[in-house]
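Here the chain labels run A, B and C in written order, and each chain numbers its own residues starting at 1.
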Amino acid sequence: MSKRTVEVELSTSGLDAQGRPQRVPLVTNDGGTAVALEPPPGVEPDLEGEHMLINIGPQHPATHGVLRLVLELDGETVVRCIPHIGYLHCGFEKIGEYRQYNQIICWTDREDYLNSIGNNVAFALGAERLFGIEVTERCKVLRVIACELSRIMSHLVWLGTFCIDIGAFTPFLWAFQRREEIYRLIEKWVGARLTTSATRVGGMAADIPSGWMDGLRQFIRTFPHTLDEIDRVLTRNAIWVGRTVGLGVMTPDEAINWGLSGPMLRASGVDYDVRKDFPYLDYETYDFEVPVGTNGDVYDRYLVRFEELRQSVHILQQAADRLPDGPVNIDDPRVILPPKSKATSEMESMIHHFKVVMEGPRPPIGESYVAVESPKGEKGYYMVSDGTAKPVRWRIRPPSFVNLAAIPKMVEGHLLSDVIAINASIDIVMGEIDR
Amino acid sequence: MGLTASGEHRTVSYAPESQEGWVATRLDFLVNWGRANSLWPMPFGTACCAIEFMATAASDFDLARFGMERMSYSPRQADVLICAGRVPFKLAPIIRRIWQQMPQPKWCISMGACASSGGMFDNYAVVQGIDTIIPVDVYVPGCPPRPEGLIYGIRMLQEKVKNERASDKGIRDEMEPDPSSQLYIPPPVIDELGEPFGNSVNQTRSGL
Amino acid sequence: MSRFEVVRTGASAPGAQPATQRNVQHRGGEANTSAKALQDKFPAGVKRVEVIWGETIVYVDPAAAHEIIRWLHDDQSQQYDFLSDVTAVEYRDAEVPIEIVWHLRSLPYRRFLRIKAQLPKGAALEIDSVMDIYKSADWLERECYDMFGIRFRGHPDLRRILMWESYKEGFPLRKDFPLRGRFSRSEQLRQALAQNPENRYSMEELTIADAFVDLPQDMRDRLSKGERTGE
């Protein structure tokens, strides 16, 4: 193709009377009816200077949900990235204003669906703060077990999908196999695999069945072997290191200013973990370490999350050892359902059951915000009560939403394939981002 | 292939005097056997059901034994669109476009309560059932459905595929929505079904 | 330190080790020290301080909110360097104004503060953006605008983020917005299908005249200067 032909095909006819660019006309083949095209004066038709606009998503295997990234590319280097979200916006916060507190727990499963039981715990903590309730010791330890199991589940999904994005398929299968074991445990406890609705305001939906702790200990004993296996395959692998080191670097000050939290923030070297800095559920009494990275790149995020998996197992071991006997729910009939045996035999318990189910527990006027360390970052539920059974405002502070906002900063100057790796390293869940 | 827009019923019927001979029936069997046992899914996974779909595809439940391990994220190479998860209104034109990009033969599985009917999200943001915007063959209930449930739905689809006949001329035509509304269910029916009714109003205890 | 090792530390902020809060009072607990500092520094800007369930809430004048948050970020004794959340609350009582809520954390001092500004409903809902202080405010304020219709002055790109840009039904989290939206289900589907997201897929299609006015200003400038793309 001669240079002359290239010029004809690429140049536009310039601007129209209103100063808007004119529609690019199709060049016909017969030559006779082709519009005479002149480049605007002073602007050279230049192949090298043109940027390409590429659209990734919203349906895409590697975006981890319905995320749309519009990338402006100079060759294969990203010049600008514009993320579009909202493709999974389902009106959680609106619907929270029309549901009682115990009913909202079912919604908390679905927004960050990888950390369902952790979200249940986070909401229950916030609601109990709003009600002014202290839960029992057994309930606290069970909730710690739930949170850490949830953290392991979420990090395993992240690990599996992150590996697939980089190109390694086998760790995905290993990770999901371990997840099936946790699913079986959770299903024995709560009844559901993924959407657990495990907590209630004032306690848990159910106590663990007998023999459950043996299953947990079995898991604690065998899980580190899988971690060692994945570690052997990935951590010092030249391809892995080559594809992840130096990508998406966020300095500590940038990370704090962009509001990153969780492993994203800790990989940049900032030592902020809600379990250590603003503890809940007696986390200060557990002996665990918080991994903090140095470079803030994708590789450090991988290392931080991997180490968190090991630390979670350590916490689970301690929780399993210290689980006290006793009731799992508090003994407050205005808030929590009475035991079934009482509700079907005593009149007063039946009335309490009726009131809690039909009207719902009513907190005093006030508001609360309790933040927990979800696998994605600082997760919090801000609830405002006006004294009725349904909150005035239920706000979900979504860690992935704030983490994802930094992606334009992180991918600038990197290659197209790095965009996928960086996006995967943020560990986003679109359900939480769009709510 | 889901609901018809105009209300006609499309049935597959065998007339005793049909001209199908031995070759045609063997060919039907072969073609349907090939299609049913190698349905390449296009996982349109949005939310929690997508995670259960991934668990179904992973080693414990293993979709590979049904020939479905090759996930086709390009709709051009896919056979069955598995809509796993809730579809908000913002995503509606996307799933419509993906469905249009899939070449025949194609089927659709609506996985989960949210894709089938809007699920627990009866609000301003969620499509109350994707069968309003694309034709659905199999609905799999559950929130999320267990992997066994999804596999049962896939088996139902395989039975449906195996019962197709080449002599049924219209079966592989592209099913178009109603031209005036661009929807697969008449708008008055959608509006009527969209109103909460009966006991569902009391279930939420808010009257809404 | 080897490249493959991860530095392990625990909580590094100075002071006593934090503990899980127990038996938190409903009202009248001990306020965050920043509240007193704010009242001294901005006697006109700070309207009142409340402590509800152990959390300090500082009600500020909307006009002074930006200055106060800037001071909280910059001052060495405060160092609220982490903006956790920007959101809004509308109460069911029509008389009560809409509140804009900022959740601030000081990571060096391990403090948490809630700042609230009240905007009466009769007037325009506008407040200064804090995006020049915290970059995390970008999307958080866009979501606030999308859900409540609150305009943040000084935000460079205030458009809808969760709903599509031509969404006509209004601002979903307002109390006068019904749960199921204003239009019928079939009408909502029709409007959703008419979104036409592909208008913005390529630079070439962006030059189509009727989409031009919807583009962001910098893209319009670049197109006006004659910038083009290959196919």
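Following the convention adopted for this analysis, a residue touches a chain if its C-beta (ideal position, glycine included) is under 8 Å from a C-beta of that chain, and two chains touch if they have at least 3 such contacts.
Given the structure is predicted, the values throughout are model-derived calculations rather than measurements.
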item	value
Set of chains adjacent to chain A and to chain C	B
Innermost chain, where centres are averages of C-alpha coordinates	A
Most contacted chain pair (by C-beta pair count)	A-C
Separation of mean Cα positions, chain C and chain A [Å, integer]	19
Interchain centroid distance [CA atoms averaged], chain B/chain C, Å	39
Mean-CA-position distance for chain B and chain A (Å)	28
Multi-chain contact sites of chain A, meaning residues that touch two or more partners	86, 89, 91, 94-95, 98, 434
Overlap residues in chain B, where contacts from two or more other chains coincide	90, 94, 123-125, 208
Touching two or more other chains - residues of chain C	163-164, 172, 177, 179
Of all residues in chain C, those that touch chain B in their complex	163-164, 169, 172, 177-181, 184-193, 195-197
Chain A partner contacts - residues on chain C that touch it in the complex	1, 4, 6-13, 17-24, 26-27, 52-55, 57, 81-85, 87, 89-93, 101, 103, 107, 110, 112, 114, 134-136, 138-140, 143, 147, 160-164, 172-173, 177, 179, 200-204, 207-209, 212, 223-230
Residues of chain A that touch chain B when the two form their complex	58-61, 65-66, 86-91, 94-95, 98-100, 103, 106-107, 109-110, 113-114, 116, 157, 172-173, 176-177, 179-180, 183, 193-195, 358-360, 390, 430-431, 434
In the complex, chain B residues that touch chain A	44-48, 50-52, 54-55, 58-60, 71, 73, 85-86, 88, 90-91, 94-95, 98, 120-121, 123-126, 143-144, 146, 204-206, 208
Touching residues (chain side chain B, partner chain C) in the complex	89-90, 92-94, 96, 122-125, 127-128, 132-133, 181-183, 187-188, 190-191, 193-194, 208
